[in-house]
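Some structures to go through are shown next.
Two complexes, one shared chain (chain A), two partners (chain B, chain C).
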Partner chain A sequence: MTLFIQQLINGLALGGIYCLAAIGLTLVFGVLGFPNLAHGALFMVGGYVTYTLLVDVGLPYVVAIVCAALILAVIGVVFERLIFHPLRHAPHTHHMIATVGVMFFLISLVQEIWGTGFLRMESPFDGRMTVAGAQISTQRIIIVITAMVVLIALTLFLKRSVHGQSIEAIEQDRTGAALVGINANVVSMMTFAVSFALVAISAGLVAPIQLLSPGMGESLSLIVFAIIILGGLGSLPGAIIGGFFIAMAEVMASTYISVGAGQAAVFIVLMAVLAIKPTGIFGTVVQR
Partner chain B sequence: MTPASSSRMRRSFVLVASGSLVAALAACGGDGGGGSSEGETLVIGYSAGISGGSAEYGLNVQNGLQMAIDELNAEGVEIGGKNYTLKLESLDDQYQPSTTGTNAQRLVQKEGAKIVFVPHAGGIKAAQELNTTRDKFLLGAYSSDPEILASKNELTVMIPPSFTSYIDPFIDKVATKGTGSLGLLTTSSEFGQEWTKAATASWKEAGGKVLDNNNIDYGSVSDFAGPVSKTLAGKPDVILVGGPSQPTALIIEEARKQGYDGAFMIIDQAKFEELEEFTDPKNLNDSVGIAPLTEFDGTEDFITRYKEKFKSDKPVNADIALNYQSLPVFVEAMKSAGTVDDPQAIRDAMPEAVGNVDDKFKVAFAPDRISDSGHFVSDGLKAAYRNDKGKYESFPIDQPKD
Partner chain C sequence: MMTISDLSVGYGAGDVLHSVDITAAAGELTVILGANGSGKSTLFRTVSGLIRSSSGRVEFDGEDVTRSRSAAIVRRGLAHCPEGRHLFPRMSVEKNLMLGAYVGRRDRARVRTLLERTYELFPALQDKSHQSAGSLSGGQQQMVAIGRALMSDPKMLILDEPSMGLAPLITQQVFDAIVGINQEGIGVMLAEQNARSALKIATSGYVLAEGRVVLSGAAADLADNPAVQQAYLGV
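Right after this comes the complex of A and B.
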């Protein structure tokens, strides 16, 4: 039972990370219609920026994460203007190739600035608490809580604010949205900003329990794609449910079957869901 | 300007830009050779992961070799009456064995290397497929996987001690002496699996119980808490851990935080001096692993020189030292054989050459002989147990007579 509770909380924390990263990816897909293959690399950049703000600049942990999210949001806008906006009339394969380029660029850039070795980022929330006999690190509790808060804030933003609603409107019907006067350019920039900020937050949260390295985004990238396909491309609730679902499957399978099974579980779950519902759980978006 | 001409202009701009980029890159590759112009250049090849995720290890080994080369060049290298300038030619293989094979061929055919160093088991095995065929070359194999010798490749020299020499002494050292349960939590690389297999066999032979294998990919798992919890649920008395030092430190820390107070056996890929940098050293108490370089007499001088030369404040470990002290053996062998381009003759001269190396190149358990199968052997090998006060107790390791 102790093991189960331990792994349940580990699974929730992992799910929180997956969710934040997956939402950013699914937003870009929903609005712009192409997968951002550089998402994992941006996750890594988010982690390194948080590290620098925390360790080199000396900001408090939470402030460092918020600042890193803002910096990544700006990078998102810059990328949209420099790379994806000029490609807006090109076929979507061009966007995908551009994202691969961005990925390699970011990995090399990080190696150049921070070196190729591992970096360790200490969290100020270093304590432990005992829940029904299980030893849980405070950092994991923080991850779960922050993920919840960010998810609620994001939902409010998308449903209640004008900017958020315009993102949703474009997602649902691009032409219709343009007809009622929504500026697709602004929405594109905003989507990139939100997506990059979210991935920076998830990286800032996970960095203290993991190590920073230029390759840290690679494995996440694959899992996050599995999540948004599972949840339905472009679907927000899909990314949330998919994130927690995949994390739980991974943690529980590695606990009760074997560690290898944990890594396989992600894709077994994905295949099972796609066999029943090929568009994913909440899938409505058809790729243009 | 019509849209067509503008797009043509843009296209030609892209062409020019990419062309000049290629030219710039080629220039970067070409100008590495500017050293002293004394005599001919003698290329020593090296293929490892020197960019990307776990480049640090590849760079450590490379620095060790480079340092030896610079010192040898400074005093002059004379082989068969001719002066040579040594040059290390490094290629990146990202630890992909197939790329190591390609790199080795390139180093031999294009750069004219007759000696190629490879510091990872997979790449070594790939290079062994090539080095006795048409373009022969001598392989400096830096990996403790005993399989390297088992292949009976006559042009391979295995540099570090085989990891099998550590297993029984490690089991002897941990408090339960093999009678308790052993948890398995090493990295899932081929090297980690080989270690696990060998340790499992020895532990069972000593009368202990081995729990589930929880090997994970240290490089890609996002959160170590899960696998650690699972391992601890089996109530192990001793846990076998290890992979790259930095993630190993995190796993050990996670296990301690989850309340584990037993011993760790740390596989030789992870180094105490690096582990200490990444976790509170207290977490490492009650563990056995290979001895930190500082446990060997007279290593301070080497450590200081290395840190000065590379302006590094990172720990100087055995990977650096062992490669540093092995390269002069190869050069001595060329001197004894009187040739720089016959790998077989160089290999045959090794037993004699081992004794001729200047003492200043000897850092820690420097080879004093080479076995018939091509393994550097030394009498001074030590491992270390870190006790509950955080002190290292080093103890000698016997190397098999293979």
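Right after this comes the complex of A and C.
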């Protein structure tokens, strides 16, 4: 039982990380209609930026994460203007190829600045807490709480604020959005900024329990794509439920079966869901 | 109010509109008649900034808006209710309407008034205000689309085939609403295939064929014109 509770909280923590990263990916997909294949690389950049702000600059942990999120948001706007805006009339395959380019660029850039080896970021909260008899590291509790707070704030932003609604309006009908006076360029920039900020937060949260390396985005990238396909491309609740679902499957399978089974569980769950509902849990059939 | 002069529009291979001239006076109801593919929608999409013209000029409310973005044009007071409605299908009716007031959202009191006016015009929408727009019937969706356009507090409303796909009774309701909107002093430019009903409520009209204005004049004269009668009224 103790083991189960411990793994449950591990699953929640991992789910929080996955959700934040997956929402960023699903937002860009919903608004711009293409998958950002550089999302994992941005996750890695977010991790390294947080590391530098924490270790080299000496900011407190939470401040470092917030600053990293802001820096990545600015990078998001720059990328949108520099790379994706000029491609707006091109077919979507061009965007995808551009995101692959961005991915290689970012990986090389990080190798140049921080080197190719592993970096270790000490958790500022290295204590342990006892929850229902189980020993839980404080960092995981911090991850769960922060992820929840960010998820709630994000949902309020998307559903209640007029800027959030303009994102949703563009997802649902581009022409209709233009005709009510929503500027698609501004919404694109905002979407990239929010997406990149979220992936930076998830990287900043996970960094203390993982090692940093230029390749750390690759496995995340694969899992996050599985999540948004499972939840339904472009769907916000899909990304949240998919994120926690996949994380739980991964954690429980690796605890009770084997570590390898954890990796496999992600894709077994994905295949099972797609066999029953090919558009994903919340997916709608969209013709593009 | 709106002067379109020598407007040509092309989608790459040849022009779809050929030097079209149309004038719509403030507060009037102008009808654009034409068969499918005659260029009505292209004309409207150009006027509201969704597509660019290859030459010519669009003037609205004393200002050249030929190169303006859609957002700037809505802000100037020209609202476009497009063919096919283009609602936000998974948002509630009320959210659709509120997003219609996107450009004027800061004046909350005015938005309230506009929302009340919309519900007065289309009482059926009030009961459905929390349902998703995509779940409504075609007629109600058309009402949401017109209502959303009205929420931007326009001086002029362009309506692209609002009767398309609607039952005759519902079409009549929509036309009554259009007359009501026009009586409030809002200019209306209406594209229709349903020439008989449209000419009945219009002040003046234009007939488009293959991207050219082939006839124009007062609505009553057009209704009596043998060419129009033969082509559109089935006499």
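Observations, loosely collected:
Heads up, the rule we're going with is that the second predicted complex is superposed on the first by the 286 of 288 C-alpha atoms of A that agree within 3 Å, B and C clash if a C-alpha of one lies under 4 Å from a C-alpha of the other, contacts with A are read in each partner's own complex, and residues count from 1 in each chain.
As a convention for this text, contacts are C-beta pairs under 8 Å (C-beta built on N, C-alpha and C of every residue); 3 or more make two chains touch, one makes a residue touch a chain.
In this text the structure is predicted, and so the values were computed from the model without any measurement.
After superposition onto chain A, partners chain B and chain C are found to sit side by side with no clash. Shared-chain residue A:Gln6: touches chain B; no touch with chain C.
Touch counts on chain A: comparing chain C and chain B, the chain ahead is B. Contacts of A:Ser213 after superposition on the shared chain: chain B is touched, whereas chain C is not. Of the two partner chains placed around the shared chain by superposition, chain C is the only one that A:Val162 touches, whereas chain B remains out of contact.
For the pair chain B and chain C, the model built by superposing on chain A gives 12 Å as the shortest CA-CA distance. Taken together, the two structures place no residue of chain A in contact with chain B in one case and with chain C in the other. Put simply, chain A touches chain B in their complex at residues 3, 6-7, 10-11, 13-14, 17, 107, 111, 116-118, 120, 128, 135, 137, 140, 206, 209-211, 213-215, 218-220, 250-251, 254-255, 258-259, 262-263.
Residues of chain A that touch chain C in their complex: 162, 165-166, 168-169, 172-173, 175-183, 284.
Residues of chain B touching chain A in their complex: 51-56, 59, 212-217, 219-227, 229-230, 233, 244, 246-247, 250, 257-259, 278, 314.
Chain C contributes residues 48-50, 69-71, 74-75, 79-80, 82, 85-91, 95, 99-100, 102-103, 105, 148-149, 152 to its touches with chain A in the complex.
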